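Letters A, B, C and D name the chains as they come in the text, with residue numbers starting at 1 for each one.
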Amino acid sequence: MSSATLLIHCPDKSGLVAIISEFLFANNGNILHFDQHVDSETQTFFMRVVWDLNHFSIPKDKIGDCFQTLIASKNEIKFDIFFSETKPKMALFVSSLSHCLFDLLSRYEAGELRVEIPFILSNHNHLKHVAERFEIPFIHIPNSADRKAEAEQEMIQICKKYSVDFIVLARYMQILSSNFVDTYRNRIINIHHSFLPAFPGARPYHSAFARGVKIIGATSHYVTSELDAGPIIEQDVARVSHRDSIDDLVRKGRDLEKLVLSRAVYKHVNRMVLVYGNKTVVF
Amino acid sequence: MSSATLLIHCPDKSGLVAIISEFLFANNGNILHFDQHVDSETQTFFMRVVWDLNHFSIPKDKIGDCFQTLIASKNEIKFDIFFSETKPKMALFVSSLSHCLFDLLSRYEAGELRVEIPFILSNHNHLKHVAERFEIPFIHIPNSADRKAEAEQEMIQICKKYSVDFIVLARYMQILSSNFVDTYRNRIINIHHSFLPAFPGARPYHSAFARGVKIIGATSHYVTSELDAGPIIEQDVARVSHRDSIDDLVRKGRDLEKLVLSRAVYKHVNRMVLVYGNKTVVF
Amino acid sequence: MSSATLLIHCPDKSGLVAIISEFLFANNGNILHFDQHVDSETQTFFMRVVWDLNHFSIPKDKIGDCFQTLIASKNEIKFDIFFSETKPKMALFVSSLSHCLFDLLSRYEAGELRVEIPFILSNHNHLKHVAERFEIPFIHIPNSADRKAEAEQEMIQICKKYSVDFIVLARYMQILSSNFVDTYRNRIINIHHSFLPAFPGARPYHSAFARGVKIIGATSHYVTSELDAGPIIEQDVARVSHRDSIDDLVRKGRDLEKLVLSRAVYKHVNRMVLVYGNKTVVF
Amino acid sequence: MSSATLLIHCPDKSGLVAIISEFLFANNGNILHFDQHVDSETQTFFMRVVWDLNHFSIPKDKIGDCFQTLIASKNEIKFDIFFSETKPKMALFVSSLSHCLFDLLSRYEAGELRVEIPFILSNHNHLKHVAERFEIPFIHIPNSADRKAEAEQEMIQICKKYSVDFIVLARYMQILSSNFVDTYRNRIINIHHSFLPAFPGARPYHSAFARGVKIIGATSHYVTSELDAGPIIEQDVARVSHRDSIDDLVRKGRDLEKLVLSRAVYKHVNRMVLVYGNKTVVF
C-alpha cells in the first residue's frame, strides 16, 4: 500500500485537528494513523498522520504545495511529508566495536529496517570484514587529532555524494564538530552507553561501577554540538549488582546499546519522531 | 477546568476524525487530548477525545442528545460522555488481605483517585478496622457456599442503593455469578495474582513456583462470567529466581498486585479504557 | 525458628569460607543461607551467613565473643551478629507527603516488616492523623532554618531515648547536618526521587521533564554528609513519554518511591546490606 | 587465569559448605566464586564453586577422582567439573529465521561466547549464506514428516562425529523426538516465543494478540520430550498495547528471543545452570 506521512508542529490553537483531517477527507485520503500532542508548556501542537494514497485526489508531487498553500501558511505550520515508497539513505559510522553494527545490519538484511545503506564509514579498518560480508562499501577515513577538520570535510563530501538522509553513529568514538553537526541537524543518531544525563562523556561504565548504581542504561539521541546533551529518542536500562564487574557492565550494556539504538533508528526511519527544542515527541 | 470526555467506537470509515473534530470545533470546543485507533482485524474505529467545556456552545445536558442526533446516528457510533466534575462511585470488595485496600485508600486520600467510595464490602470482618480508620462505611456480607445467591442479592441491592458506578475486587476471594457480572458488565475490575493467561484460578504463586518460572506477574481485568478470562486492562511482572520461596513470590507479588490494580483503576476512573469483544483499548 | 545472621568484611585471603563454615559446623550450626563476594578492586571479602540456633552449642550471648577471639581477631575481620528474635527499632521521619508513610505502615501492620516503630517524627503536623490511625506516637519538631541545630538536638535526644536502631526518611524534606548523619552512620535510609546520579538535589521531576528523558527513577541510599551521594541500596525506573506532564512524572514517581524505599528498608531490616566505601553489597 | 568450576547437588545436611571449602583450602585452591542454595521443598543442596588452579596441589586430571573418593562418595554428591581452558562445542540448529542466529554469531565472533561452533545445521537452505559469511560449515538435513526418523539419525551422527557438547535451537521449527532429546538430556537449549507457560505450541504471537495481553515474552528452556515444558533457564518480557498488530508483536518479540536465548546460552556456557527435576538453579 502506498501511503504518506505528515509531521507537523505549530503554535496550538483551536480547530487544527478539524482543519487537517478535513483537508485529507475532502481529498479522499483515508487516515491510517493519527496522533497529536499539545505541549502545554510552550503551547505547541504536534501531529503525525498517515493516510492511504490510493484514492487520494492530489498527485504525490503536488501534496506539499497544496498543503502549504491551503493549510500551513494560514496556521504557521512547519511540516514534512514522507512517502512510503522512498527509502531513506542511512550512513553508518563505526569505530572498532561490532555489536551495534551487526545488530543493525542483521535487521536491515531481514527487511526490518526500510532503508538503503550506501556505505559504512570508519576511522579504523577493524570492521571492514563485516562490511564486506554484507556487501556494503566500506570507507576508511582516519580521524586523528591532527587531521580532524580534513577528515570531516571528506566525510561530508562522501555523505553529499551519496545523498545521505541521516547518519547513525553505531559506537563511532569520535566527537563531531559543530560544523558537521549543523550540516545534519537532527539527522545524526548517536548511542551513548549510559542512562543520560547520568555519566556523560568517556568511560560511563567505569563511572557507574565507581558510583555503585544498581541499574545501568543506554541512551539514543540526536547529536547536537553539546556532548551527549541532544534530544533523547529512546532509553533503556538493565539491573546490575555488586557481583557485576566493569566487564560485566560492559557486556550487559552492549545489549542495551544494540536495542536502544535499533529502536531509535526504527522510529526515525518510520517518521515517528518530532524534535522540538531539546526534546522529542515520539509517536 | 471543566472538561468532557467522549469515548467512541463504530465501524471504521473515511472521515470520522474530520466529522467529529469539526463538530467540536464548530461549537467552540477546544480539544485537550485526542486519540484514535483502528482495529484492522475487525475494522473498528475507536476514539477518545477530551475538550474544554469553558466556551463550548452546547449546554452540558444537551451534548449527548446533539451528538447522538447530528453525528452518532448517521455513523453507527456507540458513545459515552463523561464530565470532569462528576466523580464516579467506586465500591470496594475485599476479603482478608489488606495490601490492595490500603494502597487504594491511601491514593484516594491523597487525591490521586477522583472517586467517591460509598462503602467497603467484605465476606469477612478482618478488615473492618481499616475501613474505620479511613471513615468509610464497612458492610459485612458473609458469602459461604450455602448462601451465595442470597449474599449476591444483598450485594446488588446495596450497590444499587448507593448508585455504585463500578466495583473493584481488591483481592475479594469469591467468584461472582453470571447474574452479578451481567449487572455490572465491564464495570467490575479484578486483580488476579498471575501473568494471565498463565496460572488462572486458585494458588497461582504455588503453580508458578512448581513450574520454575523466572518472572511472575499480576493482571487486572474486567470480570466476565468465565473465570480470569475477561478483557485485560493492565499487567506487570517481577523477576524471581531459585532463591525465592513461595512466600517470597507472595511477597513480591503483593507489590505487583497493588500497582497493577491501582493503575487499572486510575485508567478506568479517567475514562481511558474502551472494551471491545474480549480486549481493551487503553488510551 | 531462632536463627543468627553474621555479616562480615575483611581483606580477602585464601580459606576464609573454610574457616568460617568450619566454625559453624563444629558447633552444630546448620547453615540456612550462605553468600559471599570478593570485590576484586579492593580485594575485600564480604560474607553473609544465616544459621539455625536450635542445636548451636555456643550460647547466644557468647557467640560474638567466641567469634571475635577464635576467628575475627586472627583474620582482620569486622563483623556484626543479629538474632532473629530481636526486632530493630525504626524511626520514621516525614514531612507532608503521605505515600511512602502509608506504604511502610501498611507493610508493618501486615507483618511484612519485622520492626518496632517507636514514633513518627515530622517537621510539620500534616500527617499526624496518619500516625494516630496506626496508633503510633507522633512527634512534631519544627525544623525551620533559624532553629535547625536546636531541632536536630531534640531529634537525636528522642532517637536515643527510644533506642532507635535506624531512621527512615520517608520523604523528609530537610537536609540533615554532618553531625546528625555521623551519629547514625549507615543507619539513615533516604529515598531520592530520581535515578541517581542524575538529578540530585531539589525538584528532580522538573529537571527530568526539562531534559526530556524517556525513563524516570527513584533511588534509596544511606545518607552521608554529601547530599544524595551516599551508598545506593536500591533503584528502580518507569517509562515516560512526551505525553507525561510534570504532574504525571510526580504521580508515576510516587509509585517508584514507595517501592524502592520499601525494598531498601526490607533488605536493611533483614540484614542483607553491607556497606563498604561508598557502595553496598546487597545479598 | 586457569580455573575450575564445580557444580554439585546432593541431599542437604549440615557441614557440606565446610567439607567442600576445606577440601579446596587444604589443596591451595583459592576460591573465586562461591554460591550455594538449599531447596527447602526437596531438601536438596546445590553448589557452584570456581577456584584458581594456579597453585592447586591436585593435578587437573586427578581432581575428579580425588573429589569423588574423598568427598562425593561419602555425601551422596553428584557433580561435574569444568576447566576454563576447555571450550564446549555448540551446535546451532536453525530453520529460516535469522535473528537469533545472527545474534549468537556476532557474540561468538566478538569473543563474548567462549565456545567452538563446529557446524550450523538446518532443515532448510535459507540461511546457508549466513553460515558462509561466518565461515562455519553449514549442513542441510531436510526434516519433513516422511523422513523424520531418518533425519534425526543423521543429525545424531553428525553431532557425535563433531563431539558436540550441547545444541542450541535458534528458532529451529521442528519438534525433536524423545529419542533425540534423551541423547542430549539437559543439553538442548530452545527459545520459545512466549512467556511460558502461557501460549505453548504454535503461533504464540497470534494467541497473545487474540487474548489481548499487555505484555509479551520469550522463554529459553532445556528441551524435554514434553513440548515447551522443560526446565526454564531465562525469560524476559516487553510491553505491548492495542496499537501493536501481530506483525508488531513478532517484531518486538524477535528482540526478546535474541536476548533471552543469548543469555541462556551464556549462562550454560559459563556453567552457571544446574537442573533438578523440572526446574533450574541459575547461579
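Criterion: a residue touches a chain if its C-beta (ideal position, glycine included) is under 8 Å from a C-beta of that chain, and two chains touch if they have at least 3 such contacts.
Note that the structure is a prediction, hence the values are computed from the model and not measured.
Student: Where centres are the averaged C-alpha coordinates, which chain has the largest centre distance to subunit D?
Tutor: Between subunit D and every other chain, the largest centroid distance is to B.
Student: If you tally contacting C-beta pairs, which comes out ahead, A-C or B-C? Let me know.
Tutor: Answer to which pair has more contacts is A-C.
Student: Between subunit B and subunit C, what distance separates the C-alpha centroids? Give it in angstrom.
Tutor: About 36 Å separates the centre of subunit B from that of subunit C.
Student: Determine the centre-to-centre distance between subunit A and subunit C, using the mean Cα coordinates as centres, and give it in whole Å.
Tutor: Those two chain centres are 42 Å apart.
Student: Can you pull out the residues of subunit C that are in contact with at least two other chains?
Tutor: Where subunit C is concerned, no single residue meets two or more other chains.
Student: Going by the contact rule set out above, which residues of subunit C touch subunit B in the complex?
Tutor: Those in contact with subunit B are residues 98-99, 102-103, 106-107, 109-110, 112, 133-134, 251, 254-255, 259, 262.
Student: In their complex, what parts of subunit A are in touch with subunit B?
Tutor: That would be residues 14-15, 17-19, 21-22, 24-26, 28, 30-32, 34-36, 38, 239 of subunit A.
Student: What residues on subunit C touch subunit A, complex-wise?
Tutor: 37, 39-40, 46, 195-199, 211-215, 217, 231-237, 241-243, 245, 278-282
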